[in-house]
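Starting off with a structure, shown below.
Each chain carries a letter (A, B, C and D) given by its place in the written order, and its residues are counted from 1.
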Amino acid sequence: MKDKKHHFELDFSVRDYECDLQGIVNNAEYLHYLEHTRHEFLKSIGLDFFALHKQGIDAVVTRLEIDYKFPLKSGDLFVVTLDLKKKGRLRYIFIQNIYSQPEQREILCARVICTCLYNGRPVVSEKIDRAAAHFLANE
Amino acid sequence: MKDKKHHFELDFSVRDYECDLQGIVNNAEYLHYLEHTRHEFLKSIGLDFFALHKQGIDAVVTRLEIDYKFPLKSGDLFVVTLDLKKKGRLRYIFIQNIYSQPEQREILCARVICTCLYNGRPVVSEKIDRAAAHFLANE
Amino acid sequence: MKDKKHHFELDFSVRDYECDLQGIVNNAEYLHYLEHTRHEFLKSIGLDFFALHKQGIDAVVTRLEIDYKFPLKSGDLFVVTLDLKKKGRLRYIFIQNIYSQPEQREILCARVICTCLYNGRPVVSEKIDRAAAHFLANE
Amino acid sequence: MKDKKHHFELDFSVRDYECDLQGIVNNAEYLHYLEHTRHEFLKSIGLDFFALHKQGIDAVVTRLEIDYKFPLKSGDLFVVTLDLKKKGRLRYIFIQNIYSQPEQREILCARVICTCLYNGRPVVSEKIDRAAAHFLANE
């Protein structure tokens, strides 16, 4: 059950082309949902993933842990939640869950660890830290 | 039936994630097959799509016509063929067909019209015309 | 310019994962947008694509014509429009356009010809004809 | 470095449409590579994912752990490796790695936990256990 406030939430519905021949959403597609939610979160705090890329700053996923609890099917409504923590100086941890709507059934829970690269090297991005300061607490 | 030599051919097999909930390859996926074949053709004549992009030259599709004849299913083997013509100074026409293997059943036939943009404007790319000279005949 | 009422319209925004290394929406992705809009239109008239499939009725695309006018980029808002005609007894023609929002710039126009298969054979689906009766006029 | 024999290996090359606007393979796409390799492994031991689905047996991923080490780019060649273990009666663990070719640079390592569902309930699939007997050792 989803029972607390999250740093960010985004509503979606399953599109048929996201389902595979088992008739359920393909596992890879959930990564798209999670990524899109992270990028919309970034926008909500004034950061743009593609604009950052063009400035040489790439936010990249370094580790991903997903527990798939229950599959989504054609037409299902769902919400993706996001909570952000910082781990050490370089790593951001996104805790992301998906819940079906309106039943609030847990579909998956994910832990997505990201870091910033500047021209390919891990860096502390003050720009991102400043924008996300409100949310960041060391895990 | 495939009965003549083509400018280029590329072999594929259907991957399960490319199939949708009808149990057949999703219509959009065929565009990926056609695009990948065009890009491999470019490589075969010494051109690289991404390298061109980084030089400001983008080959873009301006019109697409596809007749879907018969669907591909999980595990099917197939070949994508490519023949190239030029139309006027600015347009390239790729005639592309997909045939199942080894039955040679026609899966689809496509006519893909492309043009080159240099920093967003249609241009004659001498680089591409030179590389493709062997294949180009006005339609 | 979009200047008339359509049978159906659906709003979207570009998600970053739909863009390719040219920094614009990949050509295949537009087919997803068009398909999703058709399926939502079907729902709006009481038909469900996946439910139909499970009853042995598959609506399939037999021909596609797309004119790509202008590319969508990361974060762009757009609307997909849909108008339906019937051609002869067996074919449905979907006229679909994409316009950027709020500028109403024409992104692409498409003509998508579909037919119904019942266990693999083209059929007149009275179910679909009845549901769509309000929209159908011979081209 | 890849320095031992694996239960199964499959060669791939990056297709341009798999790259996103950072110019590298999108994170979700790696799940497609991993899944396709598992399905081809199943075929190599006489099992077909889609045929199993049609018999009511679905192999589903319940947990996924991925460490992304280095990104793949347009045109890169790579191999996906697979090693299989069983954990308890119900869970299969696939250890999967991706290495660039021919440099053998480690791209990612993944641990994919799967189970079998029969009409939606976790079951011991004797069919799968028998086919995979040669590879299975408790972790």
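Assume a contact is a pair of C-beta atoms (placed from the backbone, for glycine too) under 8 Å apart; a residue touches a chain by one contact, two chains touch by 3 or more.
In this text the structure is predicted, and so the values were computed from the model without any measurement.
Asker: Measuring between Cα centroids, which chain is at the maximum distance from subunit D?
Answerer: So the chain farthest away from subunit D turns out to be C.
Asker: Once you count every C-beta pair in contact for both, which comes out on top, B-C or A-B?
Answerer: The comparison resolves to B-C.
Asker: With centres defined as the mean C-alpha position, give me the subunit A-subunit B separation in Å.
Answerer: Computed value for the inter-centroid distance: 34 Å.
Asker: Based only on mean CA positions, could you tell me how far subunit B sits from subunit D in angstrom?
Answerer: Centres of subunit B and subunit D (C-alpha means) sit 29 Å apart.
Asker: Once you find the CA centre of subunit B and the CA centre of subunit C, what distance in Å lies between them?
Answerer: From the centre of subunit B to the centre of subunit C is 23 Å.
Asker: So which stretches of subunit B touch two or more other chains?
Answerer: Residues 16-17, 19, 21, 23, 26, 28, 32, 35, 50, 74.
Asker: Would you tell me which residues of subunit B are touching subunit D in their complex?
Answerer: Those in contact with subunit D are residues 15-17, 19, 23, 32, 35-36, 39, 43, 48-50, 74-75.
Asker: Tell me, which parts of subunit A touch subunit B in their complex?
Answerer: Residue positions touching the partner: 16-17, 19-21, 23, 26, 28, 74.
Asker: Considering only the defined contacts, which subunit A positions touch subunit D in the complex?
Answerer: For subunit A paired with subunit D, touching residues are 21-22, 26-29, 31-32, 35, 50, 53, 58, 60-68, 71.
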